[in-house]
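Shared between the two complexes below is chain A, which pairs with chain B and chain C, respectively.
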Partner chain A sequence: MAKVVYDSVYKRFPDGTEAIKDLSLEIGDGEFVILVGPSGCGKSTALRMCAGLEEISDGQLLIGDKVVNNLTPKERDIAMVFQSYALYPHMTVGENMGFALKLAKVDSDEIDKRVKDAAETLDLTEYVDRKPKALSGGQRQRVAMGRAIVREPQAFLMDEPLSNLDAKLRVAMRAQIAELQNRLGVTTIYVTHDQVEAMTMGDRVAVLKRGELMQVDAPQKLYDNPDNLFVGGFIGSPAMNFAEAEFYKEEGQYKVSVGEGDNPTILNVHDEAIDRYHRVTDYEGKTLAIGMRPEHFFRGNGESTDAPQGMMWTGRRVTLVEQLGAEMLVHFGTSAPPIVTEDMREAVDDPDAFAELERQAREGGQVFTARFDPGDPPKFDSLIDVGFRTEYLHFFDIESGEALR
Partner chain B sequence: MSDQMRGDEVREDQRPDADTEPGELAQEDDEVTKGTGAGVGGGKGVTSGSSWVVRISVLALCLLWTIPSIGLLVSSFRERTDVQSTGWWTAFASPLDFTQWTLSNYDIVLFENDFAGAFVNSLIVTIPATLIPISAAAFAAYAFSWMEFQGREVIFVIFVGLLVVPLQVAFVPFIRIFETLGISGTFLSVWLAHTGFGMPLAVYILRNYMGSLPREVIESAKVDGATQFQTFWRLIVPLSVPALAAFTIFQFLWVWNDFLVALVFLGVTPDVKVVTVALAELIGSRGQDWHLLTAAAFITMIVPMIVFFSLQRYFVRGLTAGSVKG
Partner chain C sequence: MGSLITAVIAIVLGVGGAIVLFWALNALVERMPEKWEQRFKPYVFIGPAVFVVGAFLLYPAIQTFIDSFRGPSADEFVGLENYQFLVTDPAVREAMFNNLLWIVFVPTAAVAVGLAIAVLADRLQPRWENVAKSTIFLPMAISFVGASTIWGFMYAWRPQGRPQIGLLNSIVTGFGFTPVTWLQTTPINDFALMFIMVWLQAGFAMVLLSAAIKAVPEDTIEAARIDGATETQIFWRVVVPQIASTIAVVTTTILILVLKVFDIVRVLTGGRFGTDIIANLFITELITFRQFGHAAVIVVALILATIPVMIWNIRRFREQEATR
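And then the complex of A and B:
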């Protein structure tokens, strides 16, 4: 087991595109780090560079204390789990798991023992003599895991290993992999595009955008304190709501005004938010981007329009209600101008959804998503009042996307 | 913003049965087999009428192709006088009358006209002339599909381009080279000639097949510590069995049935003469003796028929897998 260090690593393709730009990331011995980002952000490339399946154009990659840039995958002593599992179809489960050891000329008693142990760990004992095609998706996934763990490698590299499983199985395997990694204590890099996997599995999450590392932090910290608009928008599901707002001070109270025209929505900014985002005071009298997590909205009763620390959207039209059992998502129309920047395009990670956002921007408004406790759902197309707890407000520069901390 | 949820819930809804298995070749093969079965037998209900038309047409075509072969086989066991006076089907008037059947045609052809020797020569030519190109082509195809080197695509295109070179063009240069090497008229020369003529197609078919194997499986072997040779030998070769088998059959049949190359490079001396050449000679010298020609023809046919019937499964599956999928 060893630490893995990316030191100013670049990946350039022959056509000149840079898939990875100046990636520096240190993954501690035994640490579980998740690489996450929108499609095309280079997360898989970063992983494959570590495996030795892609060349490193510039910078250094270290496994343990050894620079491995020019080593073959074989010499790096790492194990990889692929999205398609990549099992060898002509070999039995046992042969699949023992293949690497056989190539490494480990003696056959030792191979048998390690395969048997791994099969027990993964509950595969009765399938050891079967071929992969006779297994279910979940079992194949476990064989792929088994193939990695019998090696006792320096590091595990996993490339979206759960994305081919159905929902229920994915939840079970998520927990199983996290538990297994914890027990074995093997340094692990795990690539995913799944929000829940990113938030729940790793010690730290590294968020990439277009080949650049945007932020690395523990999942909860990342969620609570995004470094920039992109991370704020990408992490979290449903996503953070963003709007363009004027920031100003009136009678000693910081306020933001959201929405165009003669009738903007005004809210008083809580001091706590100012404390967290101290640079925001430089933006007095300027326009900035505010971010609001869906869970920080609350339902109004139609009277408290001038709540001192709250912003109210009164008489908003409900466009969609999603009841998820433990919670309820309410989508409602506002006149708040959306943020339509490159950062947002990446954060949304869906051309159709972004086009919809652009359309809403042209019409001068957007739909917010709020997360409420279940019960008493508003009717579709009815009008509701919604407030926001401004102590949880996030502030970003619109152009650079930086958090104003 | 309502559309931008990337949540688990949304994605799960989008693919409730996302249990696809990209890595499973064997399974694909099974499905292909099942698929064809269903295509013929599945015509129940509405399409049953057209299904019967298909069956009857297939049956008619089979008969049309099989009857001449049966005629040949029957004639080869009849007496000379019978063959020359009555049609072969008259033998079925009393099939149990064993006096009309004889093995003497085979006896004469095999031993007096030395088809036995020619048969052995044919095997000596065909087996190496099949195995040499297939093994060389397997290595080449692996390199063309999974090894990175300068000019890979260009070399491959030139290689495949050789398919259009007519075989006759190469005769004179080949003969001169073989003379220089002092191997003209030997089995070695004909093995080399067939290897040269067979390679472009072999490389093409095998590369297409190997190139369609899932990339992740090969990468996985690399990460597991396999060298190029181990990847080739333990992974690519076992996974390419259908294509290898198909090409083996193809090359075997072509070399066995080949007349021109054998005549040009080996000639007609009895110690190297192959069955096709022997048959041509027999037609020249005993052209009137149908009873002998049928027996000789059947000796010539028997090996290709055995090969084809025993391995036809691979033949069809491997060729389509190589060309259509690739």
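And then the complex of A and C:
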């Protein structure tokens, strides 16, 4: 087991496009790091460079203390789990798991023992003599894991290993992989586009955008303190709500004014938010982007328009109510101008959804998503009052997308 | 012109006749009581086909089998005399040995060459891959007789000192050696003939194997690379096992073709100089010597030789269907 270090790594394709730009990331010995980002961000390329399946155009990649740029996958001593599992269809489960050891000319008794141990760990003992074709998706996924485990490699590389499983199995395997990694203590790099996997599985999460590393942090820190608008928008589901807002001071109270017309929504900004985003004071009298997590909205009851610090959208039309059992998502229309920048396009990671956002921007308004406790759902198309706890307000520069910390 | 009209009439009558036949039979069956209709309908539709197969395939086969016990003009019963000829005659033995040689050499060589080209072409840029594959595939479009004629010129021999019109002998004499009688010297001539078949069939093997290789998931190759396999190990232990069923199909297809090989030998050597094979021997016995009994027994031997291949082929096909 070893640490893995990306030192200013670049990946350039012959046509000049840069899939990875100046990636520097140190993954500690035994650490579980998640690479996450929208499609085309280079997360898989970064992983494949580590595996030795993609050449490194510039910079250095170290496994342990050894520069491995020019080593073959074999010499790097890493194991990889593929999205498609990539099992050898002509070999039994046992042969699949033992193939690497056989190639390494490990003694056959030793191979048998290690395959047996891995099969036991993964609950595959009764399937050892079957071909992959006779297994279910979840079992195949476990065989792919087993193939990695028996190697006892320097590092595990996992490329969206759970994305071909159904939702229920994914939850179970998520826990199993995290538990296994914990127990074996093998350095692991895990690529995913799944929010929940990113948040729950790793010690740290590295967020990439168009080949650039945007932020690396523990999942909760990443969620609470995004370094920029993109990370704020990409991490979290449902996503953070963004709006263009005027920031100003009135009678010693910082405020943001959201929305157009004679009747903009005014939020009194809580001091805590100013403390966290101290650079925001430079933006007095200017326009900036505010970010609001869905769970920081609360329901008003129409009468308390002057609720805590007067932060309230009154008489908003409900466009959709999603009752998820433990929580309730309420979508409501506002006049708040959306942010339509490249950062947002990447964060949304869906051309259709972004086109919808652009359409809303042209019409001057957008739909916010709020997360409430369940019970007493508002009716579709009814009017509700929604407040926001401004101590959790996020501030970003619109142009650069940087958090104003 | 006349024959063209005849052909058109034949097609119209043949296809039209079949349609009318099925329509009439169907109408007939539908007039029966419901219970009878259901019982007879399958036979009405399958019956004509069974009859055609029986009349034109099964009957001649049985007749041939019976003829194999009869004399030269297939009139008197001679017992196992023909079979005695089959096992003792040196000409038959030679033909059988040559056929065996063809069976072993041609499918193996065609598949090996086809596989090698498929693998190498796979590494070219798509445009060059297509050029290379088309070139190799081209001979497939040439008939056996045509190919034999072409290669007849390639192998042509003139006495030393005279200008060599054959490409191979021009090269040989160009290097200062004496010209080789490619088609007259045993066993060179056997392999010279077999090479034509390989040349014709390698393209066929290549096309199917190339498609199979492309269908091998790239992931499994990358997984093998990470598992520490060398490129050679990847080929033999990951790629080849995954295309094994295609290799088997191509091999048996060429094998059956080789069992029936006739034209190449007929055109180039006529079975002389120790190159005779069973199909040519059969024609020689039947047409040249008018030995119907001998001809029949040779066919019976050929059918018996094909049966194990067919059984194996069907069994493998069933297995494949079962695992699907």
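The rule is short, and it goes like this: the second predicted complex is superposed on the first by the 403 of 405 C-alpha atoms of A that agree within 3 Å, B and C clash if a C-alpha of one lies under 4 Å from a C-alpha of the other, contacts with A are read in each partner's own complex, and residues count from 1 in each chain.
Note that a residue touches a chain if its C-beta (ideal position, glycine included) is under 8 Å from a C-beta of that chain, and two chains touch if they have at least 3 such contacts.
In this text the structure is predicted, and so the values were computed from the model without any measurement.
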Combined model on chain A: chain C and chain B, fit or clash: clash
First (chain B), second (chain C), both or neither touched by A:Y88: both
Partner chain in contact with A:A104 - chain B first, chain C second, else both or neither: both
Which superposed partner A:P338 touches (first chain B, second chain C, both, neither): first
Touching partner for A:Q366 - first (chain B), second (chain C), both, neither: first
Which superposed partner A:K286 touches (first chain B, second chain C, both, neither): neither
Chain B versus chain C, judged by how many residues of chain A each one touches: B
Chain B versus chain C as contact partner of A:K249, first or second or both or neither: neither
Common interface residues of chain A - those touching chain B in one complex and chain C in the other: 51-53, 72-74, 78-80, 82, 84-90, 99-100, 103-104, 133, 147, 151
Interfacial residue positions of chain C with respect to chain A in the complex: 217, 219-220, 222-230, 233, 238, 241-242, 244, 323
Chain A contact footprint on chain B (complex, rising order): 1-9, 11-12, 15-27, 30, 214, 216-217, 219-227, 230, 234-235, 238-239
Chain A - residues contacting chain C, complex: 51-53, 72-74, 78-80, 82, 84-91, 99-100, 103-104, 133, 147, 151
In the complex, chain A residues that touch chain B: 51-53, 72-74, 78-80, 82-90, 99-100, 103-104, 131-133, 136-137, 140, 147, 151, 163-167, 170, 193-196, 234, 237-239, 241-242, 319-320, 324, 331, 338, 348-350, 352-354, 356-357, 366-369
